[in-house]
Structure formats: structure tokens, C-alpha cells
Amino acid sequence: MASIVSVSHLSKHFRDLKAVDDLSFTVNEGDIYGFLGQNGAGKSTTIRILLTLIEPTAGDIEIMGMNLKNHRKEILQNVGAIIEKPDFYKYLTAQENLSLFAKISGVKVPSHKIKEQLELVGLIDRAGSKVKTFSQGMKQRLGIAVALIHDPKLIILDEPMNGLDPQGIADIRNLILQLSKSMGKTVIVSSHLLNEIELIANRVLIIDKGKKVEEGAAAELFDPANTLVELLVADVETTWNSLQQTSWKDNLYAKEGTTILLRMHRNDIPMLFKTLSSTDIPIYSLSPRHSLEDYFLNITTQNRHVETFAN
Amino acid sequence: MWKLLQIELFKIYKRPRTYIAFGAVMAIVAVVQVALRYDGKSYIDFMMSGLSDTFEFQNDKVLNGYLVCFIILNTLLIHVPLLVTLIAADEVAGEANMGTLRLLMTKPVSRTQLILVKFAASVIYVILLLMWMAVLALLISILIFGTNDMVVLRNDSFHQMQANDVVWRYVMAFGYATVAMSTVAALSLLLSVFADNAVGPIVATISIVIVLTILSEMNIPLYDKTVKPYLFTSHMVAWKGFFYVKSTEEGETIKGSIENLPAIGRSFLILVIYICLFVGSAVVCFKKKDILS
Amino acid sequence: MKKSILIVAFLLPAIFIKAQDVNELLKQVRAKIEKVNDYVASGKMKTNVIFMKVPVASIKVFFKKPNRLKIKNESGISLIPKGSISISLNNVLAEDGYSALDAGTAKIGNTDTRVIKLLPNDDNNEVVLSTLYVDPVKLLVLKSKTTTKDNGTYELEMKYGIYADYALPDKVIFSFNTKEYKLPKGVTFDYDDGTEKKQPGGKPQKGKVELTYSSYIINKGVDESVFSK
């Protein structure tokens, strides 16, 4: 598949801080490209560089086969974006905001399309209301309308689920899938929530402290054959030794604190349950996670418990 | 570019803040007009006190629409920069604060164009504001006070021009004031580029204008030749030059004359240079700016 | 000593005779002037004061005996010098409370004139001294100088034409002292355009007002209300 975004050796330094450090990655046409990293990992900086909001210190970016620096205008005509929470001219109505940004997009947008777009994001009833009366969710939807109004090939969404309720998150998720599957758009979506990316992305990039940690197809990174099972136990040493006596000894992976990690295929987990219940080994909990999650949790140690509970 | 300008003007037109300035101008003009309507004689007495020992004159003729407009412009044009700043300083910083700047700059709009268009929109705003002022300060004053010869008092001379020799001077003066106020708008815009919230650039612009105006108005020999000629505030008042007339050897006003047109031209040029400098720097700085808001 | 007394004794009657002469001349001049009870004159007024730039004004001058005078600018604004009342000679000549002194002769232009000094008898009079230059043939005052207590010295120069019979000039040049003019910059907020200032500082300046009359309406009555304002 042809690449639509190609980033090589991208760096951005803010004085001493290396926000992005020698980052290279490729997004292919039609991808839903998940961009994962904890807050402050450099996701937003990278996305802002892709959108020419920030000048990179070094590196090359090609989008749609054109150099970003030299063909900014042509490229941006084909890009729609939401950066963090979308904000609008508060003193203008939804419709005024949308048609204003449509005009700036450099593509002719017929006026009936403005209404259609508002209908699509469910804001047609509030088209004439000033944006200052909108909730965060409504602004998010208007942001999507603005990002899509000029029918761009590439859509870049920076933390689109931030601040949304579960229903809002589900709506955005479905919309992204719809954009990719039925409209053939390429979507780059960043998030610090692994499970959200896991549900939609076909390719994933994980970054930490501005550096690439992992990049690859989601199918591989979320490979069920690489599932890690985390056991919370009373006595790590005794349990570890007991498991050494069983057929699971080759699956033992690591022990730390009060947990033991085993690596196995997801399908084997019920068997493990059986083994554990047939022995007297006291187990408090058993939770599966794949290797990507392991990476991610290692990076995002601060969020460990949150992530674990979220799963 | 034209489309972008239309959009900028649309935003200004829709923003409630825009109309504060129009209201303020109306209020100040009305206050001065009412005061002069009811207590104009004593004001004229005070104004003409340097001459009343030697001459007799008719107070009510001296106090006419043309003079009232001149008095209003004298007091008002010192304050209009503040009103212009409210809009111009908001141009970039306000959008950064609102969060629309990042969205705007992901659109295929060049940063140079955006700054130029924002400046152009500020200039159009200045023009409209001054036209509004002209209507209120000149037309309404003429309606209330009538017209007659206009007298202008300088600190060392007395200039009188015939009633039919005045209107064109106001056209020129308002034209010049547009350039003067645009200089303030350009400065505000430049400062606006550096901030993520309009308060900073508004306060900074106003402070700069106030400090420099004080310097321009102070009579300190040390600054007279060294600093003052280079301050843009010294040249912002050059619109008054259109009301300083030439005279014959015998002291007769030469109709249609301007005492020192080259000086006004020079002041004009200095303001234009300042505008280019401010807008140019705004473009350069905005192009380099990382939009983090 | 005796000699000098003698000279004085000879001279005194001569001065007396001359003074008589002067009084007679004044009487005739006055008689001529008094033929005019009132007039309305139209003309142009040109102001020439060093610090002033003023357009030529179309004015009307109203006069009524004994000494009321009003200069009015029908359309524009005119600054009328104070003391311009003496543009009317009646002010100087009308009353009897003067002692006239012969001060010899002088030439005004090509005309030989008698110079007459008038001293008011009343010490409290505003006028301290008036000097008149009188054309003894035409019985016209061509020039006068009036020194006042408070307002300095005024000078009048008159040129006569078709209204000479009424002793009404076609042109009057009125010279007066002006005080130095200066307003604080904080009041005027001047734009300093770098124009060189003409005014030499310090010494008092002479101002001039030139009235050129184009027509007179004589003895047709003037409404009182003209003078009230």
C-alpha cells in the first residue's frame, strides 16, 4: 500500500527538552494509524509538526508524496484535523463557524453541504446557536464537521476521546471506523488510552520521551499468541515453584512483587484456570494482557493501576 | 487573500467587543458637545485669553462646528489608540486564547497572508471608526454649532481660516489619523503575535503609547533633537498640521495653504516606515512561532 | 538773563497766536466731521499681527454720533483690536476738554500738515496725549497718534477719496501694540512641524489693521441695536 505520510528522523527541541527525538514512521493510505504514548510523550508535538503548527528542529516529512515544507498549502487542503479539544469562535453560530472554516480550507464547499455536514454530526437543530452555548461533546462534533467539511484524504485526530462520556467515546470510535472503512480515508489518531487504539487501529506507533518504542501492525502487536497473564498471588516464591512442577513451566515469564507473569496463547487461559483451581495455590486474581500492553504499562508506570483497572 | 480578508472582517463584525469603541467614541463626542453647547463661552474665553487683552471677538462665532470638531479630535485622538488596541491586540493573541488559532493554522493559509490580512482588517476597522468619529464630531457638531471661520491656536501663533477652506483639511486630517492609528494597530498586532492572551498585548501597547506620548509632549531639550523626532507618537499628531496655514508677508491667510506640508509628509513617511517595521516583524515572528496554544 | 526774558516775552505771544490758530483749525476740522451724524461703511479688513494669520474680512462699520462705533463681520470671524473706537476721530475731537498745542509742521506723503498735540484737561482721562497731523487745506486729519494709560499707543493713518467732503477716509491703517502671545504647550498640544518661528522674543510688537472702505451710507440713520452687542 502506498504511504501517505512518511516521517524520517524528526526531532523537535524546546531549549533543553527533546520533545521529539529522531522519530521515523510511515502511515499507509487507508490506515487507521494509532499513535500511542503517555501524556507528554511527544504525540501532540509530532501531530502539530505534521500540521505545520510547530517547526521541526530536524527531519523530513512527506505527505501525499509532497514535501511538507514546500507544499504546505496543497497538503493542508487535503488534511482535516482536530487538535486536542476543538475550539471555535464563541460569538459565531455553529453554521457560521463551519462555513468560515470551509471557506478557509481552500476548497469550494457548496452551502447545502454545510447543512448536510451539520446533520451528519447531529448538530442541525443547533446550527443557529452560538458556540458559546455548546457542551464539550457538541464542540467535539462540530470539530469533526470542520475536519471533514472539505472532504480531506487524511484526517488527523489528536486525543479525540478526551473529555468525552462513554457514549461520546463510542460515537467517535464508530465514526473513525466509518471514515476508514466506508469512505476510504486515512486516519491518524493519537491517544494515551491503549484499549481505544486497540479497538480501532490497524497500525500502531508507540512513543515515549519523543522516541519510537514500537511500530507495527496492530494484528502483530496485539497477537493473541503473545498474551501475558498476570497472577496476583499470596506468596510469589511458592507459587512460582509450584508452577515449575506443572506443564506451564515453559510459559513462566517473570515475577515481580506479588505478581507472576506467564506468556501464552489467549486460547490457553481457560486451561490455566483449570490447573490453578485443581491445585491449592492461592490466587487472588488472574488478568490477561498482550505484549503491547506490557510495553505500554512499562512506559506508563504512573498509569499502571488505572490501566489495569480499565482493562 | 480577498476571501481571507472577508473572513477576518466578518469575525470583527460579529464580535461584540468591536462595538465598544464605537460606543465610547459616541459617548466622548457627546460629552464634549454637550459641555461646549452649555458652557462653550467660558471655554472660548479661556482659550482666547492670550488675545482678549488686545482684541474683541464674538465668542459665539468662534465656537462653531469646525472648532468643536477640532477640540474633540484633540481630546479624542489621544484615546482612540486605546480603542484600536482592543481590536488589533486581539487579532492573534485572542485567537490563541480562544483556541481557534491552531485550527486556523491547520488550514491552507500562509502565515504571512494571515498577518497581512489581519493588519488590513485592523486598518479597515480604524477607517470605519474614524468615519464614525467624523460623522459624530464634524457633521453633528456642524448641525449643533453651525459653521464659520475656524480659528486654531498654537502656543505661539493664531491661525484663522475661512469657513470654505476647512472641510478639505478635515478630509486630509482624518486620512492622516487613519495612518497614525494604523501605526498603533501594527504595534498591537506585533505584540499580539507573542502572546497567548490579548490582555498582555493590550496593556503593553497602551503602556508604550502612553510613555512615548509623554516623552513626545514633554519639552526637555535633551530629548527634543535626540529622541523625539524618532518616536512614532511625535508624528501621530501631525494631522494638526493641516490646520496650520501659510500667510502672506502682511499676515493674510493664504487660502488652501498648509504651513509646512513637507513636515507632514516627513511625519507620514516615518509612520509608514514604523508600520512596515511593525507588520514586517509581526510576519517574521509569526512565521517562526510554534503554535502551542 | 534779561535777554532771555526778553526773548521769552517776544515768543510767548507768538506761541499764543499759533495756539489760537490751531484751535481755529481744529474747530474747522471738527465742523467738517460733525456734518456726519451716522454712517454705515462697507469694506475689507486686513489684520497684520506677527503671530496671527487671518484672512481678509468683509466688514461693516457702524457709526453714530457722538462717538459710538461698531465693526461687524457679517459672515466670518474678526478679531477687532481694542481701542479701535478711535478709528472714529470724533472720539478724539468731539469733546472740548483738551488743550491744543501747536507742534509745528510735518510732511505726510506729499502733503504738508500741521502737527497738533492735544492734552486732556482731566488727569484721569484714559488718553494721555493725542497727536494729530492735519491737512490745513482740505481740513482732514491724515494721521493721529494716541497714547493711552493702559493700552499703549495707537496710530491712525487715513487716506481720503470720494468721501473726503465728509472727512471719511477710504482707507484707515490702525496700528497698535500687541502683547507677546504665548499659550502653554500643555493647552494647545501643538504638532511641532519644525517651522521656524518668526516671533522675536521679548519686546512688544506692533500690530496693524488695515480698513479699506468701498462705500459709505451717510446720515441715513443707524439702528441702536447694532451697538448693543
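Note that the chains take the letters A, B and C in the order they are written out, and that residue 1 is the start of every chain.
Keep in mind that, in the parts below, a residue touches a chain if its C-beta (ideal position, glycine included) is under 8 Å from a C-beta of that chain, and two chains touch if they have at least 3 such contacts.
None of the values given here were measured: they were computed from a predicted structure.
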### Query
Going by the contact rule set out at the top, which chains touch both chain B and chain C?
none
## Note on the structure
Per mean C-alpha coordinates, the chain lying farthest from chain B is A
### Query
Taking each chain's centre as the average of its Cα atoms, which is closest to the average over all protein Cα atoms shown?
B
### Query
chain B to chain C: how many Å between their CA centres?
48
### Interchain centroid distance [CA atoms averaged], chain A/chain B, Å
52
### Task
Starting from the mean Cα coordinates of chain A and chain C, work out the distance between those two points in Å.
100
### Message
Can you tell me which positions in chain B touch chain C when the two form their complex?
### Response
47, 50-51, 53-58, 61-62, 74, 148-149, 151, 153-163, 165, 217, 219, 234, 237-241, 244-247, 250-253, 255, 259-260, 263-264, 267
### Message
Applying the document's contact rule, which stretches of chain A touch chain B when the two form their complex?
### Response
14, 48, 51-55, 72-77, 79, 81, 83-92, 96, 100-101, 103-106, 143, 146
### Query
Which chain C residues qualify as touching chain B in the complex?
46-56, 73, 75-82, 176-179, 181-195, 197, 199, 207
### Message
Quick check on the complex: what are the chain B residues that touch chain A?
### Response
3-4, 7, 10-11, 14-16, 98-100, 102-110, 288, 290-292
